[in-house]
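Take a look at the following structure, please.
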Amino acid sequence: MIENIAVAYPTDPLAIAGLWTALFLMLAIYSYPLWKENPVYRFAEHTFVATALAIGIIVNLQSLMNTAVTPLMKGSFLMIIPIILGLCMYFLLVPKQRWVSRYPIAILVGSSLGLGIASNPLPSIINQIISTVTPPKAGTAVWAMFPGSPTGDWFSFAFVAVGCVCATTYFLLTYEHTGPVKPVTIAGRYFIMLALGAYFGNTVLFRFSMLAERGQYILKVLGLVPL
Amino acid sequence: MSQIYKREMVFILAGVVAFVMILDYFFGKNIPGISGAGNLSSTLQTWALIIQLMAIGLGAINLIQVHYRQISRKTNMALYSAWFMVFFAILLLLGFYKLATGVEPYPYTWIFANVYVSLGATLYAITGFYIFSAAYRAFRARNIDAAILLIGGIFVLLANAPIGEVIWGGFPLIGNWFNNVGQVPGMRTFTVVGALGLLAYGFRALIGKERGFYSEVQ
Amino acid sequence: MSGQNIWDKLQNVDRRVFYWILFIALTVPFLSPIGLPITVTPSTQSFYDGLKSIQPGEVVVLSINSGVSAWGDCLPAMIASVHKVYDQGGKLIVWSIGYTDVDITWAKIKEKLPDVFSKWKEGENYVYFGYCPGQETNVALLATNIRAIYPKDVRGVSTDQIPLMKDINGANKIKFVLSSDTGDAQMYYIRQWKNGQVNYEKTGKPPTVAEMGIAMNKSGDMAYYLSGDEFGLVAGSRGAAELEALTGYKGDATITMDSISVSHVLLVLAIILTNISMFATRGKKK
Amino acid sequence: MGVWIILDTKFVALLLLIAAFALFYAYMALAKGGMKIKARTFPAVAAIPEAIGRAAEMGRPVYYSTGMGQGTLNNQLNGPQTLAGISILGYTTRLCAKSGVKITYFTMIADSLPLVEETMRTAYMAEGKPEEFDPAVAINFQNEQSPYLTASLGWIQREKPASSILMGGFYYEAVCIGEAGNTIGAMQIGGSANTHQLPFLVATCDYTLIMEELYAASAEISGNLDVIGSLRGEDILKFFVLILLGLGFILALVNNNSLISLLKV
């Protein structure tokens, strides 16, 4: 028996208008895949772009107030520096002085590259190697291909280790894939394809759930299923 | 003429910021003034956040330019661009009212919930269609590569949907094995080589050898 | 094109035909749900075990890094786990580093759990901080100074005045983070909170992280689950349906599973057809 | 460890980082000094001139995007990918400018706009056609992921680009833009280091750069010997990873934990 907490259908005319507006815009967008690019789609497209930009500006201004302006008013005078840096970006619009806009970019790029360089080796390289060479504990369920069989664990362990070796070899950049390396790289390619296929399969579930939610929404607006 | 401030100084600044971040990650605990609230690295990150927030105006200028161009040239998109301008202006005014008074006007709330959020969900779900046709084409066993892709995909598909285990008990078993084990070598290698690529890229960018980051501009 | 036989035509079906069939197949099952039985996967089980280990009074962070657009996959798991946190007597801090529309998501969660939120007191049992931009930068700051990002909660109450936040200003008093993601945000918590530079010496262990991800990221998240960076993983609406089965709270995920089954069968049939037609036409060409 | 540098589990990571930088530096110096290092050719990179040539022949524009990239350059996962995408954008723009093809770059990363505009402008200047660069045509910004996707889809159907190049930190837009491009028969080249989008780029694009190939591609395009040298540095690190994997595998078979505890220092 499935029980689901139903939320009552709204009675406020503006709320009902909202439901129908949302439904209209949704169908306008879906007219693109279901039919073709058309004036109604264009209308929805431009409405959306305008809405998102306006809301984005307001949200960012609000955050700017909270993180920069308010502290500045309260006496954190250092906050003037990032505000000036942010304004430097707008020198892009001044033909002779475009280079000024490079400084704020330098901070962003420095920060992302610095964080990326520093924090990637541990989880993305070392921990991955450790996980690969850690022998299976007997009966670890996630590793078991056939629950209850100890060989399943070891089979999976060997599969992962061999697969990682082959796939890493496939990615060698400055050596051509010829000679004795060739069969290894081909095997590596197969391991990669298997991973891509499994990914694809999982994504289908996610995307269909999303689309199902939209289908459910139509039924909800029509009043056929509870909101 | 020496124009060191147009290029070299930019790289030096990026390098210094990157170095602070690296120091913070490895030695943050031990070097006073680097890590923690209100100190160098978090100050820099707050600065970066503020720059990010302020950049949206540049985007707005670009978008207005794009649509203004359509209107002034009276292209077949001019009408839609005009609608963009009008709707954008109205919404922005409502938003400014909200910022100034702290009270969110009802039309703003209504548009946020019924236009913005709803269209977001709609676009997000549109992928469902495209993934279907992408699968239809990609999952053809044209060669061994595609056949392996197909096998991996099909089993996971049927492991995810409850109907799979109704059809055959092996689907969830094998499909979940593909998920938990079968995809690990490929995935893990992606992670490892991606990180290596990132290290090398970061190194090259910071020493000014990367085209993407101002190495060619004058 | 008179020379085309049925297999040739099948290979070149207008994709819009599929789109229509798919959309209808996804929608119709909602009208009369069947509810096929499902088995629980180990990653969901350990997620649930983590929730069950909450002692009364322990504080958990729910980071809503998924938008309204991902409700189909993300909302049911959040509802089920908030319900479980309530059952265990835990306390909840909620914020979002991902989406501006989080207020609507949070309102929906409250709407769907009337029995929980009629008893829970805002500020004592839970606190809701809303959205803040800045992604990983933000998470790094939150690890040591929550008040810098959220000087007040959504109601406008100063964070210092909130009883729940009395001793809490960073990651060190948090039991674990439940991260609902459409992207990589749980990685921010793993990097910045679990493995980051925060000093946990005085307070014991860093918080652990559990993921309520979208099914699409299951393979990627699984790697972090297996390497121990995440203690549990609920993947998509399927995982949520498992969690609903475990917690005994039957919600939208369980219902969605029917529509998922129908559409998946449809896709598998389409794939089988395209392969048959490909082999049929390949034979002919030779 | 009793020293003041208490690194916890990060000690090995730091060693790795130092070793990596030393290797990159050493091989860049060696390559500059005349050591012959040739990067494996990436079909995806080789296909870019073909894609532009196709556009020139058909008299149609080129669609270019670096993806959603979490909306900022300051994101350690996506920022570098966006930068790599912008590298390739510079190269592509230059080819477009040379053959008089219109290119439109779609983005939702506001803070990358100065960098993008300067990169594209430089490309036009390098071909001696600075007056042809028009930001209102060449760059199309949308504030968020979904509007960016909507605008891309609409633009692709209206302008029918001959080629579509997707390089950078992609999210769900990858499969939509890829399929939309497929519908109009565009030649498509993809590349990303976001693992979760690779299946779709591989499925929808004619050529794809996978993970570090995206980063390496711009090195290959540059053709600078010393830059390519750093790729050899990456390969040496890969050998190192392979050795650790092999050694670890053997030790695991005899149930010896020493390597793991060494890595976990």
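Chains here go by letter, A, B, C and D, matching the order in which they are written, and residues are numbered from 1 within each.
Note that contacts are C-beta pairs under 8 Å (C-beta built on N, C-alpha and C of every residue); 3 or more make two chains touch, one makes a residue touch a chain.
If you're wondering where the values come from, they're calculated on a predicted model, not measured in any experiment.
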item	value
Chain whose Cα centroid lies at the greatest distance from that of chain A	D
Between B-C and A-B, the pair joined by more C-beta contacts	A-B
Distance-to-centre winner among chains (Cα means, whole assembly as reference)	A
Mean-CA-position distance for chain B and chain A (Å)	6
For chain B paired with chain C, centre-to-centre distance based on mean C-alpha positions, whole Å	18
Between chain C and chain D, centroid-to-centroid distance (C-alpha), Å	29
Gap in Å, rounded to a whole number, between the CA centres of chain C and chain A	13
Sequence positions of chain B contacting 2 or more other chains	22, 24-26, 29, 45-46, 48-49, 51-53, 55-60, 63, 77, 112-113, 116, 118-131, 133, 135, 137-139, 149-150, 153-154, 157, 160-161, 179-180, 183-184, 187-188, 190-194, 196, 198-199, 202-203, 205, 213-214
In chain C, residues with contacts to at least two other chains	15, 19, 22-23, 26, 69-72, 133-134, 136-137, 187, 195, 215-220, 223, 226, 236, 238, 260, 263-264, 267
Residue list for chain D, restricted to those that touch at least two other chains	9-10, 13, 17, 20, 72, 74-77, 80, 83, 111, 113-115, 118, 142-144, 146, 150, 158, 172, 179, 195-196, 198-200, 202-203, 210-213, 216, 231, 234, 238, 241
Touching residues (chain side chain A, partner chain D) in the complex	29, 32, 36-37, 41-42, 44-45, 48-49, 51-53, 56-57, 89, 92, 98, 101-102, 104-105, 108-109, 111-113, 115-122, 125-126, 129-130, 132-135, 157-158, 161, 164-165, 168-169, 171-177, 192, 196-197, 199-200, 203
Residues on chain C engaged by chain D in the complex (per definition of touch)	15, 69, 135-137, 183-184, 187, 195, 216-217, 219-220
Chain B residues within the chain A interface of the complex	3, 5-6, 9-11, 13-22, 24-26, 43-61, 63, 77, 80-81, 83-85, 87-88, 91-92, 95-96, 98-99, 106, 110-116, 118-119, 121-131, 135, 138-139, 144-146, 148-157, 159-161, 173, 175, 177-196, 198-199, 202-203, 205-206, 213-214
Residue numbers on chain D that touch chain C, as the complex places them	9, 70, 72, 74-77, 146, 171-172, 179, 183, 195-196
For the chain D and chain B complex, residues of the former touching the latter	4-7, 10, 13-14, 17, 20-21, 24-25, 28, 72, 74, 80, 83-91, 110-111, 113-115, 118-119, 121-122, 125-126, 135-137, 139-144, 146, 149-150, 158, 172, 175-176, 178-180, 182, 193, 195, 198-200, 202-204, 210-216, 218-219, 221-222, 224, 226-227, 230-231, 233-234, 237-238, 241
